[in-house]
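What follows is a structure written as structure tokens; I'll ask about it next.
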Amino acid sequence: MIDKQVKTTADAVAGVRDGSTVLVAGFGAVGVPDILLDALHEQGARELTIVANNSGNGDYGLARLISSGRVAKVICSFPRSGDYSAFLHAYRAKSLELELLPQGTISERMRCHAAGLGGFFSPVSAGTKLGEGKETREIDGRLHVFEKPLKGDVALIKANKADRWGNLSYIKSARNFNPVMAMAADLTVVEVDQMVELGEMNPETIVTPSIFVDRVVVVGGKA
Amino acid sequence: MIDKQVKTTADAVAGVRDGSTVLVAGFGAVGVPDILLDALHEQGARELTIVANNSGNGDYGLARLISSGRVAKVICSFPRSGDYSAFLHAYRAKSLELELLPQGTISERMRCHAAGLGGFFSPVSAGTKLGEGKETREIDGRLHVFEKPLKGDVALIKANKADRWGNLSYIKSARNFNPVMAMAADLTVVEVDQMVELGEMNPETIVTPSIFVDRVVVVGGKA
Amino acid sequence: MTSQSHEPLNREQMAWRAAQDLKEGDYVNLGIGIPTLAASYVPPGREVIFHSENGILGMGPKPEPGKEDPYMVDAGKNLTTLVAGGCFVHHADAFLMIRGGHLDVSLLGAFEVSASGDLANWTTEDPAFPPGVGGAMDLAVGARAIRVIMEHTSKKGEPRILKACTYPLTAANCVKRIYTNLAVIDVTPKGLVVLEMIPGMTLEKLQALTEPPLQLAPDWKVLAPPVAPKARAA
Amino acid sequence: MTSQSHEPLNREQMAWRAAQDLKEGDYVNLGIGIPTLAASYVPPGREVIFHSENGILGMGPKPEPGKEDPYMVDAGKNLTTLVAGGCFVHHADAFLMIRGGHLDVSLLGAFEVSASGDLANWTTEDPAFPPGVGGAMDLAVGARAIRVIMEHTSKKGEPRILKACTYPLTAANCVKRIYTNLAVIDVTPKGLVVLEMIPGMTLEKLQALTEPPLQLAPDWKVLAPPVAPKARAA
């Protein structure tokens, strides 16, 4: 019987290696896998590249990973969100590298990898500082930059419900990056509020199909 | 008050011009906008380029458009499906052109247009007869072909429910090409089984958001 | 016309003015800051559908006290609501809508706009802080109409509508209309055309605060929002 | 071992053999024709999740009489069902799963396979009929393991495992395992390795029906499916 549920958050993040690229879902404080991030801190992997929209808040989750020196690089669109002092400190100390990407380019590059494609041309950032160094091409009279697929070794996902196959649903705007990141990593790990029986989720409304999910751990939260 | 519902199928397809590219959803006989196709036949537009997975069946819908000489070109992956005699006759008479694309390339090229991108590299068909004439590039040791965005002037869509904004839901495997084609045309026209009140559809489970839809007509069918 | 001040518009008035141009059925993204305020000033009875980059189509007003939902945030991470007919999409689909030309209007804040519609609104290159771009570049290339709301001049009184932007560009040739605290200006192939000015303003005075040459539209109007625009009920 | 014939396998037996290699938890796409039959022969109690290119993940067996649902069709346009845990996706997402390496196994029919794993299964270039490719090229590049089920030889008795394919390729270097009515053969960097042969078959006889050189695996086994494989209950 397929059962992707693991018992502990430590089991969920077991095996993450030093140097991994970790996709961290969420937008602001919503839909962020904070408990998995803390588990990853416990797990101890170092030299991580983090792909996220923001750069962590306060002293928990991603911010804690950064404060502890586990993060070598952050790929994000907007580090300056909320109390991002942990990131700011490391940034000023030059102890981590920042790669700034337009927000839509982050998710589209991950989808590109998920879809088995080799890259795409986008008009976003063409002719700007963020497009510098990228291959350019004029298509239909408009300048485009070439964007490569972006792959995670691990994706840390926050969902509401899961079943034992790993089908997922989300709550409202907590969906955000989760479905895209879930598709784009070799190992997709999910913290959920609750497990439901197989077949209990409406097949028309499952947002992340089980094929993208490897491990699920229940962390409670909103029922 | 926004109200995308039109009264008749004639209103739904009004204004389709000769030479238009028309995206026709469906897979086999499921999720095909047959009533809109008949309305387009009545409307009379000629020299159409049809994008569809198959090439029509029997003597109705797409097959009738082909028999009546309205179709200059068919872009599809698998014309040989069911009773495709209308297409076969025109193909043998060389009265229409066939552009054969791998099935996933059809939907991905339409999504590419919908997403405002300039094209993508795909490993599918690289090094084969269907990849001939396309720009190639080796990416990570693997040959890819360059695929351009594919845009419809019109998309003909079959959905189950709609509201007056044009939010749509589908039934089971009748979903198929519909959501992708709905995103990829200048004018998206939908035949639905029934209208529901605004707010009646679950916001978590709307499959095609209203932003992609221009006109909706009720044609009855499964309640 | 109700009683008018000759003062420059305040933030609410600028947002009010931009909101008047949003049409029934428009799909609109509002940038962080003053643009966000525009949602409150859409004329009563007019249905405009707001998009939020994090994956909401059909965003409503701020929640009433006691009805806050922590799962509902907007692009600025503030609490928000969903209207009937709204729905949720994942992030790549939210940006497909932005980049793919599906939005009718993108209303953005700006540091500078050039005579040819170049937009600079993402970084002032302050070395003390990391840069942040968010969705600015996506929003600046995708919508059918890109409109900007900004103060006409900097705090020092320097023009912010320039021959060429001094800050790094967000996108070139994208802005179509500028709402300032002094005027409404269209970016056209023939140059900047002033459509409206506040009471007491003249083209000469406005030109002195604007680097590239301005033309006055033959049918220009007085820019006269209500003194205290009335926000729409939630 | 139950009683065995020395006859070549029939379609059901070939499908049965391929099904034995599908593991618990595998996500699998079955091509039209013999591969489709494999779904019925997955060993009891083993959960394998089937994908259909038109947008079904978790496809079940054929519907029982009286329970047909016209909204449920498979890639071959035949009526099908959904199992508990299954779901629907749109077409671009269905092919994202295929192309993006999310499927564990793609089981395909073929006209020809080459010694290096080139696959030809989409056209015989019959000038009287239009070509059709469907999802064949997508399926041949995307899955983690591409496996083929086919008759070992053509109706005329000519080899279909060749040094180089004579029909137009679907994809190069993609096939990892071949199930024929005579043998199970792996495509390896060192050449074709015979893992199993039907009773009475020898490497010499098999080689005579195969163009490129074959090696016999040291631990090769007899290929002996049940005479009439029992299909799984719906």
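Order of writing sets the chain letters: A, B, C and D. Residues in each chain are counted from 1.
We take it that contacts are C-beta pairs under 8 Å (C-beta built on N, C-alpha and C of every residue); 3 or more make two chains touch, one makes a residue touch a chain.
None of the values given here were measured: they were computed from a predicted structure.
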item	value
Both-way neighbours, i.e. chains that touch chain C and touch chain A	B
Chain at maximum distance from chain C, centres defined as averaged CA atoms	D
Between B-D and B-C, the pair with more C-beta contacts	B-D
CA centroid of chain C to CA centroid of chain D, Å	57
Where chain B and chain C are represented by their mean Cα positions, the distance between them in whole Å	35
Chain B and chain D, separation of their C-alpha mean positions in angstrom	30
Residues of chain A engaged with two or more neighbouring chains	108, 111, 115-117, 122-123, 170, 172, 203-204, 207
Where chain D touches two or more other chains, by residue	82, 88-89, 95, 98-99, 141-142
Overall pattern in which the protein chains touch one another (line/ring/star/complete/other)	other
Pairs of chains found to touch, sorted by chain label	A-B, A-C, A-D, B-C, B-D
Complex contacts: residues of chain D adjacent to chain A	24-25, 27, 47, 49, 51, 57-58, 82, 84-89, 95-103, 141-142
Of chain B, residues touching chain A in the complex	108, 112, 115-123, 137, 139-140, 142, 144, 169-170, 172, 202-205, 207
Residue numbers on chain B that touch chain C, as the complex places them	1-2, 111, 113-117, 163-165, 167, 183, 198-199, 201, 203-204, 206, 209-212
Contact set on chain D toward chain B in their complex	52-56, 69-73, 77, 82, 88-92, 95, 98-99, 123, 128-138, 141-142, 168-172
Touching residues (chain side chain A, partner chain C) in the complex	27-30, 55, 77-82, 87-88, 91-92, 98, 100-105, 107-108, 110-111, 122-125, 127-130, 170-180, 207, 222
